[in-house]
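To keep things simple, chains are lettered A, B and C as they appear, and every chain counts its residues starting from 1.
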Amino acid sequence: MLGRRRKQVIDAVQLALILIAILIMLVPIAWIFMAAFKNHIDVFQLKLFFTPTLENFGTVFEPPFFLGHKLMNSTIVAFVTVVLAIPIATMAAYSFSRFRLTGETAMLVVILATQFVPAVVIILPFFVMFRDIGLLDTRIGLILVNLAIVMPFAIWMIKGFIDGIPLDTEEAAMVDGSSRLQVIRNIVLPMAAPGLLTAGIFCFIIAWNEFLFALILTNKDAVTLPIGLALFKAEEGDLWNLLSAAGIIIMLPMFVLALIIRKYFVQGMTMGAVR
Amino acid sequence: MRDSTLKYLLVLPAIVVVFATAIWPLIESLRLSFTVGRLSRPGSLEQYLGFENYIWAFLYEPAFWNSVWVTAIYTVLTVGLTTVLSLGLALLLAPGGRFRSGVQTLLILPFAMSPALIGVSFRFMFNPEFGLFDAVFGALIPPLADVSWLVDPVLAFAVCVMADVWGWIPFLTLVLIGGLASVPQDTIEAAQVDGASGWRVFRDVTLPQLAPVLAVVVILKSIFSLKTFDQIFMLTNGGPGTATQTLSHYIYFNGMKYGQIGYAASVAWLMVIPMIFLTYAYAKFVFRKE
Amino acid sequence: MAEVILKNLTKRWGEFVAVDGQSLEISDREFLVLLGPSGCGKTTTMRMIAGLEEPTEGEVWIGDRMVNDDLPKDRDVAMVFQNYGLYPHMTTFENIAYPLRVRGIPSSDIEPRVRRAAEQVELTRFLDRRPKALSGGQRQRVALARAIVRTPKVFLMDEPLSNLDAKLRVTMRAELKHLSRELKVTTVYVTHDQIEAMTLADRVAVMKDGVIQQLGSPDEIYNDPANLFVAGFIGSPAMNLITGAIQGGQFVTTGGTQLVPVGGDDRNEVVLGVRADDIRVSEAGKGNIDVPIYAFENTGEATLLTVQWGRQRVIAKGDRYLRKEQDDMIGIALNPEHLYLFDPTSGSRIRT
């Protein structure tokens, strides 16, 4: 048997390790938060105590930075991507979940696999094509390629949710007199609604944080927030106070969204390999 | 409408989207990889030269091999470190309770942070004059007090690895906590009653049952490590020199900065090959349960 | 109101045969129970009647219509599912109203009909609750009310009581019986619980491996089993099956004990079936044979004596006040009126 003393020591060590882990995890985020409220002199010093200012959050929206425009682009691109992806993914997910299709496994594997294709491979042909048809530096172009990364997640995630709806309920509705489409509308969609919302938020985060596509396809009109970070450079170097303020504008909404769907984060990212 | 028709109509739009946004570009990339493919010369995208791009990469491009090595070492280090550290943290947090559950919730935050932003913050944290981590490392390990992290090739690489590990530990920890929760409690209790020590219980009972989840973690992390781009781009942009130039970065540079789309596509396809194996392995785990 | 006729119904998944060329006529207003162990094809048979499963071969008739090509919604059946299949996002009222609403019945008609159905299953107080806020028994009632809210041609019930605890199951069973005799609608009821089958059914179809073994009234299947499977499956404790031979009209156990007159021709191998309550227990020396007690169990309402009879064990039901100890010797006597003989290879009944 463990002595009570030894158990206390072990508990204390565990607690200490957890605290160190939290510290390492949160300090960079906290440091950025602090920097965002420092003026352009304090930010270049290792100061823990300073007079906070909101000035940076104004400056980033002013010329020459115009962060508002990027914020608008990011919001529109991520939102439209999700609005397009979720209905299409839901239809497919329902079919994959409830029916046996010829080549079903093959289709699912291909959909899974596209998620793992390096983005640089996909973007090269798109760059050439968009250059030819004039979609470079447009939101539409960005939305189209974002579908490539969002769709597989959405299909797999929603399929997981629909798999969890008992078949009994749907069959009851069919015997009660519903057609298949009525079953989907009256039973499946209301029951899957929280799942659809979760998948939507998840895809929104992915599209919002997307970097490589936006880097390559945009340069002025359709630039999104993550690319906008590169703006905050002056001749003397990075403008860290402004970078930090922009960083907060990028990450804060995502923190809120991620906390809303925290229960499903693991399942979504691993496409159901870990439940 | 009969189900037999409906079920295919329902998947059709998704298949079209996946085909157009993923399959087509993959095939088109393969085609481009066999062309001269210069962005500045319009006709060159249809000018075929067989395997010359591939041969060029293998025989005449030390930079290609450099990025292969950078990517390989980067992948091994980040996969190893994140897996081990995540497992440790997961074991610490798995028992639950209000405090530990609270910490679990906080773990989501770093993962909701875009990799590009993580790259920026680490550049900030390791600034030799006012970087917090620079100061902390300098205080803890005196020989590191006066170094310029992002100027030294080895240290810059280390910073990249640290940023990656920092960004991924929280998520993989959550995955492993889920895995630990799915290990049946009664098997652990049986081992305890049978007289096994804490460590033996972990090694003989927990770890074997956790193996599938660990495998998923390793495969998933390997895939994302191999693809790494955003963070490196914002943190070191491949530098100093090419010390931190991963394959993705190398492809981006050749394709976009130098306009050698054909050559970039051939290297990109070389990168697809290990992905196929990893995806195959991953798919086996996903379908195992069905 | 209609009869249900299955003609040569077969369901295969690849090599696996779930239902094997089954024919069955269920008459109008009959309460028919499909009884059998899990995997015997009883649920599959019911699902084919509902239209949730497509038959590989054969026909399903409801009334005078072949319904093979009809969707479930067009078959005019109502079904109670094992897990109830309640709509979690709807209240009790909305759940019960759904079959009416989806058929386009005007709301003014829906309200009274839902109320009446709810009354019949004593749910009136819970109409505003969602399934999550109901107990198991209440959920069961919602499922039932949803079935009886309209008058379908056929009721289908798939193990409706199996998710309830033992006590509630007995209550619900009686309510179900009362309701079914009141509504007088053709009903097909699937269960693996023989008590449910015995108590509820007009006729029971005992199934095994996709084939009906015996079709008859509860009386018939209990007192006149058609084969070894039915004999062993029906009854609790299960019927004793003793191997032996027939010599000169007497049953002789494998051990050589001459036991009881059964009549018939001589046979080398035969199985004698006798129910525990048809074995009389007496003091040693007063029965057909003396045997030691292997285990003595007191259930309160009776006693069960497992006795070691050569290499076989046999269960006899004793008097409620009988008290014995393990290894005591007792006498047992078999009631010659209620003995069943079976062929051990084919399993079929030997009638003498």
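Keep this in mind: a residue touches a chain if its C-beta (ideal position, glycine included) is under 8 Å from a C-beta of that chain, and two chains touch if they have at least 3 such contacts.
Keep in mind that what you see is a predicted model, and the values were worked out from it rather than measured.
The most central chain, judged by the distance from its Cα centroid to the centroid of all protein Cα atoms shown, is A. Across the two interfaces under comparison, A-B and A-C, the one joined by more C-beta contacts turns out to be A-B. Our note on geometry: subunit A versus subunit C, Cα centroid distance of 54 Å, whole angstroms.
Averaged C-alpha coordinates put the centre of subunit A at 16 Å from the centre of subunit B. Contacts with at least two other chains are made by no residue of subunit B. Among the residues of subunit A, none is found touching two or more other chains. The residues of subunit B lying in touch with subunit A in their complex are 1, 3, 6-8, 10-11, 13-15, 17-18, 21-26, 28-29, 32, 39, 45, 88-89, 92-93, 99-100, 103, 105-117, 120-125, 129-130, 132-133, 135, 166, 169-171, 174-175, 178-179, 182, 213, 216, 220, 223, 226-227, 229-230, 233-234, 248, 251-252, 255-256, 261, 264-265, 268-269, 271-272, 275-276, 278-279, 282-283, 285-287, 289. Those residues of subunit A that touch subunit B in the shared complex are 14, 17-18, 21-22, 24-29, 31-32, 35, 43-46, 85, 88-89, 91-92, 94-96, 98-99, 101, 105, 107-114, 116-128, 131, 144-145, 147-148, 151-152, 155, 180-181, 205, 208-209, 211-212, 215-216, 226, 229-230, 238, 240, 243-244, 247, 250-251, 254-255, 257-259, 262, 265-266, 269-275.
Subunit C makes touch with subunit A in their complex at residues 50-52, 71-73, 75, 77-79, 81-89, 98-99, 102-103, 143, 146, 156. Residues of subunit A touching subunit C in their complex: 166, 168-179, 182, 186-187, 190-191.
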